[in-house]
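Got some structures for you, see below.
There are two complexes below, and they share subunit A, which is joined by subunit B in the first and by subunit C in the second.
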Partner chain A sequence: METARDGEPVVYVARDRLLEIMTWLKDTPGQQYDYLVDVTAVEFRDRERPLEVVYFLRSLTHRADVRIKVELQSSDELAVDSVWGLWHGADWLEREVYDMFGITFRGHPDLRRILMWETYAEGYPLRKSFPLRGRFSRSEQVRQALNANPEAHYSMEELSIADAGGDLPDDMRERLRRGERGTVPNSE
Partner chain B sequence: MSKRTVELALATPGVDAEGWPARVPLTAPRGGGEEQEPPPDLTGEHLLVNIGPQHPATHGVLRLVVELDGETVVRCIPHLGYLHSGFEKLGEYRHYNQIIPLTDRTDYLSPMANNVGMAMAAEKLMGIEITPRCTVLRLIACEMSRIISHMVWLGTTSIDLGAFTPFLWAFQERERIYDLQEMWTGARLTTSLTRVGGLMADIPDRFVERLRHFTRTFPKTLAEIDRVLTRNAVWAGRTQGVGVLTGAEAINYSLSGPMLRASGVPYDLRKDKPYLGYETYDFEVPVGEHGDVYDRYLVRLEECHQANRILEQALDRLPDGPINVDDPRVILPSKTRAMSDMEAMIFHFKQVMEGVKAPVGEAYVGIENPKGELGNYFVSDGTAKPVRWRIRPPSFINLSALPKMAEGHLLSDLIAINASVDIVMGEVDR
Partner chain C sequence: MKRVGATKEVSGQSPNFLLSKFQNLVDWAVNSSRANSLWPMPFGTACCAIEFMATAASRFDFARFGMERQAFSPRQADVLICAGRLPFKLAPVIRRIFDQMPQPKWVISMGACASTGGIFDNYAMVQGIDTIVPVDVYVPGCPPRPEGLLYGVLLLHKKIKGESLFDAVPRRDEQPLDDKGLRLPPETIDEISEPFGNSVHQFRSA
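This part shows the complex of A and B:
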């Protein structure tokens, strides 16, 4: 445990015990961190340092804040347990972290990209290995944009993509289950 | 329950044998002819409707995919990202002062409050204490932003629900604040007001006078809007009991700002984690009790009154003195000094070329923006550019409760609920 420069306590927890500790923080009288302010991730310029997933918690009862961090070695699998079951506000926040950093949240009900589009193939934009102008060359990006079929976004398949359940075609459900985010025609 | 989607192909008339467009029969043929088919039984059939991204009622480039049973919303799936500009990534390649123009463009309906939030986070990281005059001026900027943001909200929401007049009144008031912003910063929208450690400019002559005139006359407009809307049967009918969230749900969905307070949770960062000396001002925090669209309207209307009160008090106590901290490492020397004094020139050069170095560490500052809690989170590794700049976007998080609120309501209520969230897509997508 340490203190950040703004005076808030920062607590590092082990990845395996995250959910247990979060549940304890939320439900224990005297703690009651019932409000999830934000979920984000940090990658340092020093590649040796692990990625951090940061949870900002607040207790509205006690008017207290705490910051929980989980360290993820980049050589390891980038995955933590989802806290969606505790705070539904984590839904989009975790999706954004997944979208921008490629960190998987186990147990999240609907982990899809949120700001980038479903077939985005360049990787995870906020990673330090991702160049500011994108991974593909400008000409490749233009070519893909021209080849893109925006009509497809309004097809019945795309419209129902968020259902994450029943009425998806079998092959598509299989593809989503495997974690593939779709392919861009003529990439590579 | 079957979830098969009904697709109704538009009747395309085609051409007849002679090449003329065939007319669509307006009435079904009677008698004679073949047997009429009975109308299909549509009970339990669902229809997928796509709203946006280019739709005036979605307040920007928000796209909603709605599954309807008749006119009732069964599911609502927001699709975002049409305005994604990668501000957080860009911030990692810029000096702290160069990030300020990016904050204008996130929540572009309250640019000055965003500038303040970002500068406060950077100052917290660097351990800078701003001057008393700067504190009061920043507070004035925040409350002016609250008024314009709520005025835009009021205007656009009333127009969504069919009332045109309040829109004109609200936008006239907003225009007056925009004139003041232009007077102060030279820009109406992209103000870039703050600098780390101070402000980009002091207020000009006659600013105080004109802002006082505004605070005197603004309550009259609020009273007119109140008279037109609050007891209006159409307005109440469209908003009361629509999009209800209980206090516990609002907390669970991490809502903030007027959305949280309309659900009966009395949490306001200005009272509970005071910054800029808000604890020394006399103002109330309105709290709703039903958590519906109507209560959000009442909360925002009352917040305008309170913002006006705070502005009056701030103008009364505006102290004289410098607006920038006396620290040549963070504040650029004046042009004259930079050109005549060797030391000032060195500081000028170092700041422009190298930027302001922040110590290793991290800082999060949340401020009560018109939309909710705007958080700025900086992580520094000791260089002049942050390792990570995170914006906690209030309207992004508030919008995530939209599917929950819209379920079971009519499609027309979805428009009212979406309007009540008060989203700005620039901030949602960043």
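This part shows the complex of A and C:
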């Protein structure tokens, strides 16, 4: 765990102590980093350098920023603990990192793709090993995109926003009845 | 414009002068009504949507060309104006919206991204909406100036006025999606999506 200073304080954390340190950072009265600004990941062009998962934390009361970096060797299993338990804002931020880099977050309630469609099979786009135009041919990408049914993958939370119980298509209503993933406030 | 020889049978008569005149009159009436009151469905996704809004606003005002009411429901729209880049994730959405539009319908592809993918030649963007919906007018530009979009609308007017109700060919070349869900054969999609110009040299990913 080194501390480096490049304009802003950066702390490198070992992967297995991440959750403990994050909890300490959030809860200790002197630290109180109550605002998770961003979670992102970096893969350097120099393939020798490890991947980094970067957390930007901010303390609103103390007006301080800190960056936490977790280094992951690309030969290791790409997984870290999720900080969703501490900051719920990490929900979509970690989903984006998962979608773009393939880094799984253990303990995340709903880890699925967010920017690409859910059945996207070409890999993880922001990895350096991923070619710019994707792995499949354009016609195959168009075919997969057209056949990916967007509505099939809405979670129940997302549907509850519409609050259109009677107007839902039958399969959605069936999933609702079966109580799939999440609670809908006004369902019968 | 006469369509001698391409008319349907009317009580077994061969086309004659009066019949052609009648058809021309009908065509003129129908086409003028359609062209002069094209209700646009603005499918604005990105920066071109701002220029679309500018065209709709007071300085450039496409209401004077008949596009007074922007139909935000595809069921009530005549022309789908795709303004902006289209990610692959949005492809089934625009296809469904296009399918929901009743005949007669036209599509204007506004801007470079909707026409060919623009500067976004990557894994996430559709390289031209013509791989997904049939396009009538392409308006180039990044973004096109409002005058450019208006010129595209006027071109569409000209195209509409050249149509005929009495054509033997069914309206609006609706190539339905084939069994794989594509509207063009895969070789054609690959061919029109290929990089061209400067982007041919910019494919390093590392």
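What we mean here is this: the second predicted complex is superposed on the first by the 134 of 188 C-alpha atoms of A that agree within 3 Å, B and C clash if a C-alpha of one lies under 4 Å from a C-alpha of the other, contacts with A are read in each partner's own complex, and residues count from 1 in each chain.
In this section, contacts are C-beta pairs under 8 Å (C-beta built on N, C-alpha and C of every residue); 3 or more make two chains touch, one makes a residue touch a chain.
All of these numbers come straight from a predicted model, not from anything done at the bench.
After overlaying the two complexes on the shared chain, residue contacts for A:132 are found with subunit B and with subunit C alike. Comparing subunit B with subunit C, the partner in contact with more residues of subunit A is B. In the superposed model, A:142 lies in contact with subunit C only, and not with subunit B.
Touch criterion met: A:117 reaches subunit B and subunit C at once. Look at A:37: by the touch rule set out above, it reaches subunit B but stays clear of subunit C. When the shared chain is aligned, subunit B and subunit C each come close enough to touch A:45.
With both structures placed on the common chain, the touch criterion links A:8 to subunit B but leaves subunit C unconnected. Common to the subunit B and subunit C contact sets on subunit A are residues 45, 115-117, 125, 130, 132. On the subunit A side of its complex with subunit C, the touching residues are 45, 115-117, 122, 125, 128-134, 137-150.
Every residue of subunit A that touches subunit B in the complex is listed here, in rising order: 4-6, 8, 10, 34-38, 40, 42-46, 54, 56, 60, 63, 67, 87-93, 96, 100, 113-117, 125-126, 130, 132, 154, 156, 159-160, 162-163, 166-167. By the touch rule above, subunit B contacts subunit A in their complex via residues 3-5, 7, 48, 50, 65, 75, 77, 79-81, 84, 86, 88-90, 93, 124-125, 127, 251-255, 265, 267, 272-273, 359, 361-366, 373, 375, 377, 379, 381, 387-388, 390, 392, 396-397, 399-401, 404, 429-430.
By the touch criterion stated above, subunit C contacts subunit A in their complex at residues 88-89, 91-93, 95, 121-124, 126-127, 131-132, 177, 180-182, 186-187, 189-190, 193-195, 203-206.
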